[in-house]
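The same chain A turns up in both complexes below, where it pairs with chain B and then with chain C.
After this line comes the complex of A and B, so read on.
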């Protein structure tokens, strides 16, 4: 029991770290700039770094590397407009 | 004739919706009555405005500026009925590009359901009217309209679509009534819409010639055109809601759009139970997209079509079977062809021929002994006597190539299209027209020919597309001349030189990247480029200052260039990635070494 209470937060922290790492790496590749990892509040759509097709690529990467299936109808563009929002959404989904 | 077919549906099913966009709907009766009334008004207005020189101006094009408003087909048909070719311009086009198109086309007017950008309004070289359905109704209360005498002959231009141009400016492809009707007749015969029953998806903007297929297939068969706009496309939930409501039977889009929809498990036959056809054109159809569509929509056929804008949307198509889609070979792009012929030719021979007729032109075009020519004009006259010329109503002359021999089946070469679907050339660009169009002598006469720049081959009676021989690319279905973007980049202050290349991800072109060499005097840019981000920043690590040559500096500079470019280029032509380099790498021959850039062999700033 004692072990379980200590491993669960660790597992969640590991999971969160993995999500963060995968998303920032994928966004750096798709958006073509490391600025996305540097500024987590950067509006990806407003800066022309992400469009509908880039979003599709990101969803495919999420499925391949995190095993999370995201349907386009599941997300509003506004809720995925910054790296921070994307990471937050996925952390919530993975819980 | 297309106009008569549409009129037939206005009489047969007057209350049937011809066009639907969100809550707006336009019936066939409204489409016909409003376009007739607007044509009468347009003709009178042009006659009044160009009173002293009416004949000269009566066939000037009319720009139709809008997006997916239900009025759009009314404005198209009114222009045609009044005898003016129309130029569809999407509202996503930046004002500067719109102004350039207006200048190049010498348009007589702009009709729009929307307010025109201020920059265009101020130009003052043409008149503009904002026309809503309400205006149209007051212009022509149903049942009281005047029917104009249609003024479009078979060889008159029906529409002009502007595409990206390698010289840095967009160019207008002119499509005649004959070419359009030949195309529509073929697709109707081939893909058999049931009369008065079908619903066609309109995904592409009207400024993209793919939309010509859904618009005129639908209107010629008494169907309903179901438009989805860019806001709906950007919001998958809203898009799927619209698709579920539509009861589509014909899906007309780029493969990229269908691929995006396929990511959602809800994109299946339960969403579109009435769907019978997927008609794809504009870019390569990946095998896995075809395969997944066939699995999810077992009741539908997947058709892969091929053709450049200069060939009137498409000149060939092929029904893709599950077996073909599962094969590792690229999918064929055609086996049927309308009145058109598709030849595979040696590009060097085409170049040589092009060069020789240009030289001939410099000496004396009319005395080119071994060249015979074709003449088309408003009356469709054909003259094939040796040594004469081909002249269109835009006064563009084409020379016959009598010596060219197509390559045998299986050999790779440049795709040449010959036949009635071929455009009469680029509007007000005779030199560009001569470089790409020529007359082709064959048994029974001479036909217009267009060298596509596409590389392909024919095997087992099927056409395969293998790429391009120049710097034109397709990105999500949009045709882009990389040279046009490079030209616009070089015009920006602080930019000495720039090369734009496609960025490949997952085996396909996903975006554009610009390699930029800055001027030695970088202060030019520093002065022009204040930091624009005003939001507070939360960073994972302490942020560096935006020092010249730093990573953040590059990002800001890229954003600055992107913003400058967005004033003259549409969003789909804006590079996503900007890489600043010290020198443009060159090959041993002194040409730009694009392979080196793509391979990461450059000296970054």
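After this line comes the complex of A and C, so read on.
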């Protein structure tokens, strides 16, 4: 969360690419299906792919690999329901 | 006065609601609407908690919690301090302290100290009632005539508490309404008012509960119970709820210490403290905090709202069309409440549950299990939709509490449909935080173990919150075991696929889940032990 202060466009693009790849690979692991990486609009909760436990694992990955802290009640599940929304939220937060 | 329990409460409701409708239809600013909410919440708090001693305690409680929240917020906002863990835990413990006192003081037999501390008003108030009924009580003792009034298992309050309800019910109710039941408690000293007597109604087993009365939470239940309609306990010979009780002023709270709704209100405050720690809440002012914590439609037994969500409703500008939509929804909820609570739950209690109260053989217990589960659902869901419906008239979309819980496909699904605002609270603030922290700090190397420990913690806490009696704790353990077992099976199924996908499999899953959850509620009812 502190290493993104640079405003260079390149750095930001790199950063976004990193967030995207970290989240997609983490989701693939947690949900146990590659579908999440193919369909970014997939509703993870509605399809039973992500639950509280999976969410905790995702937050851990975000903490360990991206250095971002997400509190359990920070995001409503509706606003974090698809891979695309998760990535978008994190990009906004990293900025 | 127990909210949504008597006709007179609905009449009183018109006082806050009619002006709220005028404000809503005239498109008053969010500021004006929230001022009205704040004022009527205080006024209704007095009406609900009378006599004065309970109102006073609620005010003292509120001032304490507000000071705590502001102090902690100041700490978190201050540049000089870091976000230290022990300060956070201290703040959480302090915010829980009043509830812990309410629950454990009676257990420890400290009631007479409380009595002398609180002074005579409360005591006299209760004692007066007690005396009136005492005679009756004696005579009755044993069976609890009082039941009539309340005994509903209801528990909206905690509803889980259902069982506690009885206690509560009795206790207070007893005091007022019931003739003799409560007397007992009197004898015991303050605590007396409590449950003891009440229990009888449920089942003999409870008698000892008197001490349990303390459990504050139950009180709510009790509240419920009072509602009068159902006394599950009432023996067949006593017609269930007697109308006569209704309308009388009944005591709502069974113990001298605490007040109706304290267990629910405490959740809102602890949630707020946790979010202040996480940096999610950066500002708290007195007016908003009064409206949020003491919001009267949801005071007694939830739904448990969250500060940021509540505030966004409070600040929302509503057009006339939007407000009209809210009113229509609110009315629909309220009518559903009448159907659930005053018709279906009442009938179940009267014709299915009450006759089985003292039946402990195998088949009657099985029948009791289903009747109780259905009763609990309709009674508590009925209370909840009243609370949600009335909230709508103030422009607040209180969260849903039940979504067809008996149609759940598995136990995890059940907890997303049953007393949702409570289970989501525990999920977010206890389970997820625990698992996350234990992984970060490497307390448990295996994440599945961490998850299992998280469930155990969650459900044990939930059990104790309902009441300090053993069956609540066993209920918590039972639910924890079901959740842990389900997670295990779910993981195994991902590898081996022994559970099919078709509709028939789904149906089978629903039927199995129904049996397991109803059995859990039977434990919860206190009917078994």
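The definition used in the following text is that the second predicted complex is superposed on the first by the 88 of 95 C-alpha atoms of A that agree within 3 Å, B and C clash if a C-alpha of one lies under 4 Å from a C-alpha of the other, contacts with A are read in each partner's own complex, and residues count from 1 in each chain.
By definition in this document, a residue touches a chain if its C-beta (ideal position, glycine included) is under 8 Å from a C-beta of that chain, and two chains touch if they have at least 3 such contacts.
In this text, all values refer to a predicted model and were calculated from it rather than measured experimentally.
K.L.:
Looking at A:35, would you say it contacts chain B, chain C, both, or neither? Reply first, second, both or neither.
P.N.:
Touch status of A:35: first partner only.
K.L.:
On the A-aligned overlay, A:12 touches which partner chain: chain B = first, chain C = second, or both, or neither?
P.N.:
neither
K.L.:
In the superposed model, does chain B or chain C contact more residues of chain A?
P.N.:
Higher number of touched chain A residues: B.
K.L.:
Which partner does A:73 reach: the first (chain B), the second (chain C), both, or neither?
P.N.:
Touch partners of A:73: chain B and chain C.
K.L.:
Applying the touch criterion given at the start, work out whether A:59 contacts chain B, chain C, both or neither, answering first, second, both or neither.
P.N.:
A:59 sits against chain B and chain C alike.
K.L.:
Taking the contacts chain A makes with chain B in one complex and with chain C in the other, which residues are shared?
P.N.:
32, 51-53, 56-57, 59-60, 71-73
K.L.:
Once bound in the complex, which stretches of chain A touch chain C?
P.N.:
Result: residues 32, 51-53, 55-57, 59-60, 63, 71-74 of chain A touch chain C.
K.L.:
Which part of chain C faces chain A closely enough to touch in the complex?
P.N.:
271, 274-275, 278-280, 306, 412, 427-429, 431-433, 435-436, 439-440, 447, 451, 487, 494
K.L.:
Please name which positions on chain A make contact with chain B in the complex.
P.N.:
Residues 29-35, 37-41, 47-49, 51-54, 56-57, 59-60, 71-73, 75-77, 84 of chain A touch chain B in their complex.
K.L.:
Touching residues of chain B toward chain A in the complex: what are they?
P.N.:
Interface residues on chain B, with respect to chain A: 233-237, 240, 256, 259-261, 263-266, 476, 503, 505-506, 510-511, 513, 535-541, 543, 551-552, 554-555, 558-559, 562, 566, 571, 574, 576-577.
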